[in-house]
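Listed below are the structures to be examined.
Next come two complexes built around subunit A: one with subunit B, the other with subunit C.
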Partner chain A sequence: MARIELDLAHAYGPNPQRDEDYALLPLKMTFEDGGAYALLGPSGCGKTTLLNIVSGLVTPSQGGLSYDGRDVTRLTPQQRNIAQVFQFPVIYDTMTVAENLAFPLRNRGVPADRIKQRVGQVAEMLDMSGQLNLRAAGLAADAKQKISLGRGLVREDVSAVLFDEPLTVIDPHLKWQLRRKLKQIHHELKLTLIYVTHDQVEALTFAQQVVVMTRGKAVQIGTASELFERPRHTFVGNFIGSPGMNFLAACGAADGIEVAGRRLAAPKAALSGLGAFTLGVRPEYVRLAAPNEPGAVPGVVTQAQDIGTYWLVTASVGEGVDPSLLRARLSSEQTIPRVGETVWLSIVGEHTCYYVDEDLIA
Partner chain B sequence: MKPVNQKAWLLVVPVVLCVAFSAILPLMTVVNYSVQDIISPERRVFVGTEWFKAVMRDDDLIGALGRQMVFSLAVLAVEIPLGIALALAMPAKGWTSSAVLVLVAISLLIPWNVVGTIWQIYGRTDIGLMGAALAALGFDYSYTGNATHAWLTVLLMDVWHWTPLVALLCYAGLRAIPDAYYQAASIDGASKFAVFRYIQLPKLRGVLMIAVLLRFMDSFMIYTEPFVLTGGGPGNATTFLSQYLTQKAVGQFDLGPAAAFSLIYFLIILLLCFILYNWMQRVGTADKTEAGHG
Partner chain C sequence: MELMLKGIEQRVGAQVHLYPLDLRLVPLAVTVLLGATQAGKTSLMRVMAGLDKPSAGQVLADGQDVTGVPVRQRNVAMVYQQFINYPSMTVADNIASPLRLRGAHTAAAIETRVAELAAKLHIEPFLKRLPSELSGGQQQRVALARALAKQAPLMLLDEPLVNLDYKLREELREELSALFASGESTVVYATTEPTEALLLGGYTAVLDAGELLQYGPTADVFHRPQSIRVARAFSDPPMNLVEGRAAANGVSLPSGLSLALRLPSVATDSAAAARTVGIRASSLRVQGRDGDLSLPGSVELAEISGSDTFVHVDTAIGEVVAQLPGVHVFTLGSPITLYLNPTQVFVFGERGELLVAPPEAHSVDVS
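Moving on, here comes the complex of A and B:
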């Protein structure tokens, strides 16, 4: 168990000049001891690179990292004593489940009776006690992935357990079970867990803190509700949530703000003096409003979809001046406007965020 | 009840015709010869299993079979481990890997009889590099005069010619192992040997099975190289099965015994391949304890 501090950057090629040359832009952050973290982002955003740097499979090209204050930049994964679970289950085909679990301990010369005891405990924890004598190669993907995890947990002194999209090959109904198992193990063992995924549901349900990454940059670190309520970067607003945040171009005026062709009272004093900025509001917080209600804009409904528990209504606002689409998530209990109708949608409220150059300002 | 449609037979007919024309009919001709005494093209006598009984009692044949078995097993014992070792030593990336691949493959491109000729010269003590070198080192080496030397030279020639095939197969097998396995092994603290024993070797099982079967069948049918190099001698030290068969069929024109022997030869190869295949299928896949199923 360890507190992991990073202050580094990484480029796979030599002499990185521009931002694009970096797989991971300069980054400074800390994974607290015993925390459950998720690295979330689209493919190619650098999350696996970051994970492999933490595990020691990749050495950062600049800067370094430390475990509990001890510099480990040049140490191998084995020396760092971490465990890693990969996207595809890695098991030793010729061994039984028990032998697979015992393998890391056997390699480290742990006495046989101690190995037996640990393997028993870990198998118990993973609900695999009944399968210990089976050959690992014949098991289903989820059982194999549990073995991969078990090989990490079997070492008591493991610094951190790292997961690289471990549930990709698992059936959806087993994903929930495994994720619950992971949470339970985290709760019992208080291990530092770092979990890489491109699935926001997985990240938000698993982790206490989610690191959202894009284009080699960690744009926000926060809890699920922080990421939802106050996205610090437009990318986070767009990436988190289904659908993502609505963004409307706006600009500050002498006595308020202008958005979608309407002049609204400035919700925050700082905004009126500003030039161009972006207004962000989540579909969940857009509601139907009375005509000319403060903080509302008119729009023409272009689409209304029944998503089961709610309706997703898309309206085109700012016709003629600055047309853009605004999505609203409306409860099925209210009257849902039909396509072609003109509706008023309230977009300014306490949950509305304001961005300049993609960064949150208020 | 489903309507019965016989059209499918039409689709099978071309395959049946091809296989019959190229394999079944020629084989049946051999079967035909094996139960008849062909005295002249017009005169033939049905002799039943007589030829089979005769060839089974043939001491020369049993000798050739024994030599053949020992030779094929020696080929496997040397070429398989050597091929694996070569594949492990070959570079995995960059231009060196392409260069090494080409170099390794060269011997596979040489025709059999040329290989025999190369070694015939290579082993000569007067003008051959290896022969002269051995002679200079004080060995009384002669592949034409000494039975052991002849046998070892044929083995060495086969190793030289065919180990690259095993190496290339294993190389392809090794490249197919995902990096995650090596990374996981490194995290689990596995030694280099453990990586080989528990990751590389099990993952090579499929290609090794192909390599073993190919090398076994090919070496069991070896003909051209020893024919060119030693002509089966000295004495009959390097007379292997196919050479013996050719002597019988073409040299002495004993079509009946040769046909009977061909069939036995075919069945031996089939049987041994079957045994090898099943044995290799089981290695490393059978449950170590049956208790788990209880």
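Moving on, here comes the complex of A and C:
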């Protein structure tokens, strides 16, 4: 197992000048030994480029990386001693499940009794003990992918195990079981795991630390709670959560802040001294308020949707000045306002975040 | 348009794709076809469109029998999962193609209409490009604009957003809802996702294994599923289902637990007849209240979606999933107690029929 340190950037073309020329903007970070990490972002954000640099399939155009202090920038994946699991099963159809799992060990000359023991252990973790002697060819897609996962996890001496969207082919109702398996396995084997996905559920469920990426940049590295409660960048606020964070244009004023056409007391002293900034509040933290309640703004309800387990109410705030839409997730246990009704919505509270130029400032 | 299906049946060889069904779509509204893969959604849509002739039954469009009338002779717009555009035409020409085909518009009128649709779907900057130069989301926007250009009285969308990233899906779904709300067409929208049905609102037809199980206003179907099968199809995470028995004061559950409930009597049932208790993940809480049933257990996994945490818990009544708003972190195997108000459960009878549903806190607006 290794601690992986990166200080690098990557451009596929020569002489990168602007940010857009980079597939991966300058990035300095560390994957701690034994940690579970997810690289999360939309297609084209640079997450696969980053994974390929860690594995050695791509050499960064600037800077380098080290495994436990040893520079591996120019080493091949084999020399780096990593295991990889891809989107689609990579297994030998003619071999049995046991032979497939044993293959990476046999290749490295591990003694037979040790192979048997380890294959048994991994098979048990993946609930495949009963299938060890079956030929892989006859198995369903998800069983085959489980073998792929097992092959990735079977070696104890790897520096890290890298996963590239490994649950894509798995049926939705089986996914959670495999997520649980992966989490348990990480707990038991203490491997350094790096997992690429565009699925926020997968990333937030699996990883201890999630690296959120957009346009070649890692905009935040944090736990699920940190990404939800304190998004460091507006992209994270929007990307994590469904619907994402509400953003309202605001600016400092003599004795407070102005937002949605209202003057409110400054929730944090520094805000009144600012020019333009953005107030961010998650729909989960917007609540119905009494008229003129501190920290609340009036709005006209434009949509009230019964999402079954809660209501999603959209209101237009700042009408006549700077209209924008504000979403609130309300419990079905309260009275839900109707379309056209004027309501007061509390937007300032301990969960409210403030941004300048997309970056969190308070 | 008013679309009516009468006794529609679809068999291919020995296989039944659709069992006999009747359905009158609410005109000028959105009807969601909800069901898992292979439930019959696409088969039903193809019959509605005239792409397939049903084995039996009639399709009536505004009272006129159009059964088996090929799609070319009918004015139907369709959008598929795959982003289907003419690869050699520019985006503008793609959108204009249905208007040109009809030949009823002047060049200037077509240009105005294309600009209007491109603005609605946020693809104005790409009008001169070829589809292959666009991202997946942009390509699907072009396909949607072309379908809308037809101004067909019937618009059919077969899982149009399934191949897009989820944030993009969220954005496009909202735009589509706004477009559907104009009430110009009768819209049919197939999806496998219960949440998508709820977000689209309108009406929902639940399909399962080739059978139409229930049709009604989307929120009504969700809050009062007529059977276990509907409840299963229309819940995400799946509704927790626990086998129990009718008892004098309600339902008895495994491990000596019981739920105090007033149940309607079912004439044909014996005493202690089988009952299935359905518990939505969102009715389970981690803070107890007066009158709650408590379910101690241990955490199997906490799945975090961002807005919610889905905790899988091993309890005395089996494994259940609880939906907790926000982000919560649990260690695997740690002890947890879930709480449930007995009035919040569904109870199903021996034949899977709904006996009791939780009372609704709100009247349902369908507009």
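What we mean here is this: the second predicted complex is superposed on the first by the 359 of 362 C-alpha atoms of A that agree within 3 Å, B and C clash if a C-alpha of one lies under 4 Å from a C-alpha of the other, contacts with A are read in each partner's own complex, and residues count from 1 in each chain.
Here, a residue touches a chain if its C-beta (ideal position, glycine included) is under 8 Å from a C-beta of that chain, and two chains touch if they have at least 3 such contacts.
Predicted model, so just to flag it, every value in this text is computed and none were measured.
Colleague: Is this a clash or a fit when subunit B and subunit C both end up on subunit A?
Modeller: Overlaying the two complexes on subunit A (C-alpha atoms) leaves subunit C and subunit B fitting together cleanly.
Colleague: Looking at the overlay, what does A:L134 touch: subunit B (first), subunit C (second), both, or neither?
Modeller: A:L134 contacts subunit B only, not subunit C.
Colleague: In the superposed arrangement, which partner chain does A:W176 touch: subunit B (first), subunit C (second), both, or neither?
Modeller: second
Colleague: A:P104 contacts which: subunit B (first), subunit C (second), both, neither?
Modeller: A:P104 contacts subunit B only, not subunit C.
Colleague: Considering only touches as defined above, state whether A:T302 meets subunit B (first), subunit C (second), both or neither.
Modeller: A:T302 contacts neither subunit B nor subunit C.
Colleague: Go through the superposed model and pick first if A:N238 touches only subunit B, second if only subunit C, both, or neither.
Modeller: Touch status of A:N238: second partner only.
Colleague: Identify the partner contact of A:Q62: answer first if only subunit B is touched, second if only subunit C is, both if each is, neither if none is.
Modeller: Touch status of A:Q62: no partner.
Colleague: Using the touch definition from the top, say if A:T94 reaches subunit B (first), subunit C (second), both or neither.
Modeller: first
Colleague: Looking at A:Q78 after the superposition, I want to know if it touches subunit B, subunit C, both of them or none. Which is it: first, second, both, neither?
Modeller: In the superposed model, A:Q78 contacts subunit B only, not subunit C.
Colleague: Who touches more of subunit A, subunit B or subunit C?
Modeller: C
Colleague: After superposing the two complexes on chain A, what is the shortest C-alpha distance between subunit B and subunit C, in Å?
Modeller: Superposed model gives a least subunit B-subunit C C-alpha distance of 9 Å.
Colleague: Go through subunit A and flag every residue that touches subunit B in one model and subunit C in the other.
Modeller: None.
Colleague: Tell me, which parts of subunit C touch subunit A in their complex?
Modeller: Residues in contact with subunit A: 135-136, 165-168, 170, 194-195, 198-199, 201, 219, 222-223, 238, 280-282, 300-307, 310, 312, 323, 325-327, 329, 332, 361-362, 364-365, 367.
Colleague: Residues of subunit A touching subunit B in their complex?
Modeller: Of all residues in subunit A, those touching subunit B are 55, 57, 76-78, 82-84, 86-88, 90, 92-96, 103-104, 107-108, 131-135, 137, 148, 151-152.
Colleague: Looking at the complex, which residues from subunit A come into contact with subunit C?
Modeller: Listed in rising order, the residues of subunit A that touch subunit C are 42-44, 173, 176, 179-180, 183-184, 187, 198-201, 204-205, 223-225, 227-229, 238-244, 283-284, 304-312, 329, 332-333, 335-336, 338-339.
Colleague: Under the definition above, what is the set of subunit B residues touching subunit A in their complex?
Modeller: Against subunit A, the touching part of subunit B is residues 178, 180-181, 183-184, 186-191, 194, 198-199, 202-203, 284-285, 287-289, 291-292.
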